[in-house]
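Just below sit the structures, each encoded as structure tokens.
The following pair of complexes shares a single chain, chain A, combined with chain B in the former and chain C in the latter.
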Partner chain A sequence: MDAPVIVVIGAGPAGTRAAQTLACAGLRPIVLDENQRQGGQIYRRQPENFTRAPAKLYGASAAAATALHADFEALRPSLDYQPETLAWGVSGDMLLTECRGHADAVRFDGLIIASGATDRIMPCPGWTLPGVFSLGGSQIALKAQACAIGQAPVFMGTGPLLYLVAWQYLQAGVKPRAVLDTSSLTTRLRGLGGLRRRPAVLAQGLRYMAGLARAGITLRSGIRPVRIESRQDGETPCAGAVIWKDGQGRTHRTDCDAVGIGYGLRSETQLADLLKCDFAFDATSRQWLPVTDRDGATSRAGVYLAGDGAGIRGADAAESAGALAALRCLQDIGRPVMEGEMTRLRAALEPMNGFRHGLETGFPWPWRHAAGLPDDTVVCRCENVTAGDIRRAAGPLDSPEINRAKAFVRVGMGRCQGRMCGLAAAEILAAARGVAIEEAGRVRSAAPLKPLPAKIRGVVT
Partner chain B sequence: MSLSTQIAGRADVIIAGGGVMGAATAFFARQLGLSVILLERDLVGQYASGTNFGNVRRQGRFLPQLPLSNRSRELWGRLPELIGENVEFVASGHVRVSFKEEDSQRLEKYAQDCKPYGLELEIYSGRQALERFPMLSPDVHLVSFSPLDGHANPRLAAPAFARAARRAGATVLERTEVLNISKNSEDFVVETAGGQRFAAPQLQISVGAWARRIAAAFGEDLPLVPKAPQMAVTEPVPYRIHPVIGYATQEEEAGVYLRQVERGNIVFGGGRRSTVDLEAKRARLDPLNTLRQMPHMERLLPDFARLRIIRTWAGIESYLNDDIPVMGPSHLVPGLFYAFGFCGAGFQLGPGVGATMADLLARGQTEIPLAPFSIARFASAAA
Partner chain C sequence: MTGLFRRVAETGRPEIAITVDGHAVTALEGDTILTALLVAGDRLRFNEFDKMPRAGFCLMGACQDCRVWTEDGHELRACSTSVTPGLRIVTKEVPWTRP
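So, the complex of A and B:
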């Protein structure tokens, strides 16, 4: 019998540990990763000829990052590693991939999806101006290319990444003008119970905040974004100031030359959707997530999820979840596994769930802002669809859920397939119709998951 | 409790199925003064009507279908005033391109044959074709151009007709599935999944791919097969290609077509069709078919290769083995009417089918010749 083909999607913390577990069991997993180099988003590696020290790039997580990189390099001979490769579609039991214009089809016996997460975006007027980046994008610019989004950026949003990115910019010699958090101190206290499940991480977060405060950076909580104003920079208008309201309702203006925004993370679940895995509404994060059991097994036999792609629990949890999903996959294909190791990993992941709940409670997605967005605010930036367009789809055009609104006004229909705007658009639709957010549904995924070159050849051509 | 108290609604006609055929019929039937109840299982225009390519094409059709198609084209041109909404119809022309002598001969013959039906086509060969349509591949052999055809947005058309019908007084019920149909001495009684009952002396079946079971229940089984045409769209690029362009060929896989929308995206489709799960109401989109379309798209439009594909989709259409729809009265049951099985070419016909079916429902006759579309042609096969 041929050796079973196990495919791992993503080479971040979860994908790396999954691949390692499979390789240790004597298999040769296929690892498909969109990036040029292994590491994922959080432990993204700088290009080969860059020489910044890990401590500078990854701060307190430097040890974890270097261990993940080193372990992967040691594994390389045991892996079929395909970097710069996009898993863009599913045909029957085959995964369709693309690498530099070449298509391939991979038949799999097991599939571990460790596709990670992207920023959760709440639009505000002006967010599509040049000079406005997501927090993740701001971080990638710094980590991968040693570039800052500006010399005087404002970071706005909520969640631990807000403070981490601001702190990393400060370390890189860029002093942020302000760090503006939509969650209030009271809200954060409510999340403390969950956050305490991981005291070291909580302490690290507090140290970043303290470091920013010591550097004299304005840190404000309980704010509400009003708009991002433009300034004229040569021909092109770009982000020039953030107008925001404090908890008492007073309006402030912070001048800047760039803005990084992000409101926590959202799981990348499109591939599980194409594989027709069952989804359920997750009230904690107010988003639809693939249904998994505690080991990451989905409703589709042979398909597993691990890491932030299954629910936002962070990098440490992702490493454990990657290993656990791989063990479960091995078990399901009839390979002997150490039950004790599975039990240990499940136990290690247990506090992560409480921590995740604490994060969502302490730094909540400010979903109520969606209802208050002015009609002319662009929500879907790919298709230039405004909040008013979505409300027209919800009301006069009577769209009961987001895919109907998509059909009528093109929201979520563009290049990103609603990955950026989908959550906010659903909130706007639900608010306009006065229904619960779960009734607004989720933007259906379609191949190709990311834009595919028309020049693509291979498999059938 | 008497029978009448259980009836949730009574009208001159019940239309089962809110695709573009049902929705347009509801609208035109109201124009002719009939009371109308339209029952749609899911959302209006959700399946074939909303997912098709959006072709408003007459050239290339089965010739006896041209009177219907011409009527429809005339209505497309008056849509905003008729239904009060713009469904992005542009009469930007339709181009059929051949790369082979034998295909060119077919195009030239059709251009002659369709003249008596009032369809005037322009033929350009070789260099002439390229001068007229410079976006095409340099080795184009011949082009047949239909200047008054064009395209529209299929996602908008059927819902716009349903809204217009509703504004005109029709009862349009979405998410209302028909479970059972019976006929007493006067009326068809339609029972829905929600337990409601509706009655009317006339009933139109326009439920597309799901029509076979209903027709069979009335003793008129027919070889209706569902298939999923597969579409895709590129990222937006500057709006340069105005006409619809199709590859005229006998090879199924090469038969691709494209249109650019004003927003800039190029919508394309064609080639192999995918399969359908009727029970799950899902087209089984196969992304491999998208890969198969690529070389043919590039053959047609060389610059296509520089673009990127951002989305694919498939719809659920129904086909008959003679590639001709079923439209008109039932062969067996008085008061029963059919309009389904448009074999992948129904979108353009939508308004014309609606107006023509409304003629039949309101007046019992129409000027449009419908004999070729009669369900009676399957009577012997089913017997």
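So, the complex of A and C:
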């Protein structure tokens, strides 16, 4: 009998540890990675000709990042690693892939999806101006390209990444103009119970905040974004100031030349959707997520999820979850596995769930802001669909959920398939109709998951 | 015109000459197209609907708001494509080529 074909999607912390576990069991997993180099986003590697030390790139996580990269390099002979490869569709037990204009179809007996996450975005007027980037993007500019998004950036949103990115910019010699957090101090105290489950991580976060305060950077909590205003030096209007309200409702203006925005992370779940895995509404994060058991097994036999793509628990949890999902996959195909190792990994993941709950409680997605967005605010940046368009779909056009609104006004129909706008659009629709957010549904995924070249070569069987 | 991005390290890399909308732009080896264009300028493309400038957003291949074209009509995602010597980019309209 041929060896079973196990495919791992993604080569970040979860995908790498899944691949390692499979290789240690004597299999040769196929690893499909959209990036040019292994590492994922949080441990993303700089190009080979860059020379900065890991401590400069990953700070307190340098040891974890270095170990993940080194372990992967040691594994390379035992893997079928395919970088720059997009899994864009599904046909039966085949994944449809594309790499540099070449199409292929990859049959799988087992599939571990470690597709990670992107920034969770709440639009505000002006967020499509040049100079406004996601928080994750602001960090990637620095980490992977040694560039700052501007000389005087404002970082706005909520979550630990807000402070980490601001601190990393400060270390790189770029002083942020302000760090503006929509969560209030009271809210953050409420999350403390969960955050205490990982004391070292909590302490690190507090050190970043203290470091920023010591450097004289404006740190404000409980803010509400009003708009991003433009400046114009040349022919292009670019981000020039953030207008925001403090907790008392007073309006402030912070001049800047760039803005990084992000409100925590959202899971990338499109492949699980194409595979028709069951989804359930997750009240903690107010988003629909694929249903998994504690090992990452989905409702579809042979398909497993690991890492932030299954729910946001961060890089350390992703490493454990990747290994656990791979062990479960091995067990399900009848390979001997060490039960003790699975028990150990499940125990390691337990405090991560509490920590995740603490993060969502302490730095919540400011979903109420969606209802207050002015009608002319662009929400879907691909198709330029405004909050008013979505309200028209919700009211006069009587769309009960987001996919009907998508059919009427094209929200979430563009190239990004609602990755940037989908959560906010659903909140706007739910608020306009006065229904609970779960009733607004989620933007359905469709193949191809990302744009493909019109002239694609290769045969799809 | 000033660039949006500012280099903070790794500036000793070899230079690579590329062309953007007919103008010479100097990039560094290891730059993505997005980096090269935003160090030298302040936008990447224009939105198809309101024709306003855009400069990318997510930098991780998710938002698709950094797409530019080569002069011979290939669409590229600027945040995840590295510059190569002699690369010729257009940002203003989709070039159509004869088959």
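Rule of thumb we're sticking to: the second predicted complex is superposed on the first by the 459 of 461 C-alpha atoms of A that agree within 3 Å, B and C clash if a C-alpha of one lies under 4 Å from a C-alpha of the other, contacts with A are read in each partner's own complex, and residues count from 1 in each chain.
Basically, contacts are C-beta pairs under 8 Å (C-beta built on N, C-alpha and C of every residue); 3 or more make two chains touch, one makes a residue touch a chain.
Computed from a predicted structure; not experimentally measured.
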Of chain B and chain C, the chain that contacts the larger number of chain A residues: C
Return first, second, both or neither, reflecting whether A:41 touches chain B, chain C, both chains, or no partner chain. second
Figure out whether A:105 sits in contact with chain B (first) or chain C (second), or with both, or with neither. first
Which partner chains sit in contact with A:340 here, chain B, chain C, both or neither? Use first/second/both/neither. neither
Considering only touches as defined above, state whether A:448 meets chain B (first), chain C (second), both or neither. first
I'd like to know which partner A:415 touches here: chain B for first, chain C for second, both or neither. both
Contacts of A:258 with chain B and chain C, given as first, second, both or neither: second
Based on the superposed arrangement, let me know which partner A:91 touches: chain B (first), chain C (second), both, or neither? first
Touch test for A:216: chain B only (first), chain C only (second), both, or neither? neither
Would you tell me the residues on chain A in contact with chain B in one complex that are also in contact with chain C in the other? 383, 414-415, 451, 453
What does chain A use to touch chain C in their complex? 34-36, 41, 46-52, 56, 118-119, 128, 130-134, 136-138, 140-142, 145-151, 172-174, 233-238, 257-258, 268, 381-384, 414-416, 419-420, 450-451, 453
For chain B, which residues count as touching chain A in their complex? 43, 50, 155-156, 159, 234-236, 263, 285-288, 290-292, 294-295, 297-298, 304-313
Chain C to chain A touching residues, read off their complex: 1-2, 4-11, 13, 29-32, 35, 38-39, 41-44, 47-50, 52-65, 67, 74-75, 79-80, 82
Mind pulling up the chain A residues that touch chain B in the complex? 88-92, 96, 103, 105, 383, 397, 400, 404, 407-408, 410, 413-415, 417, 446-448, 451-461
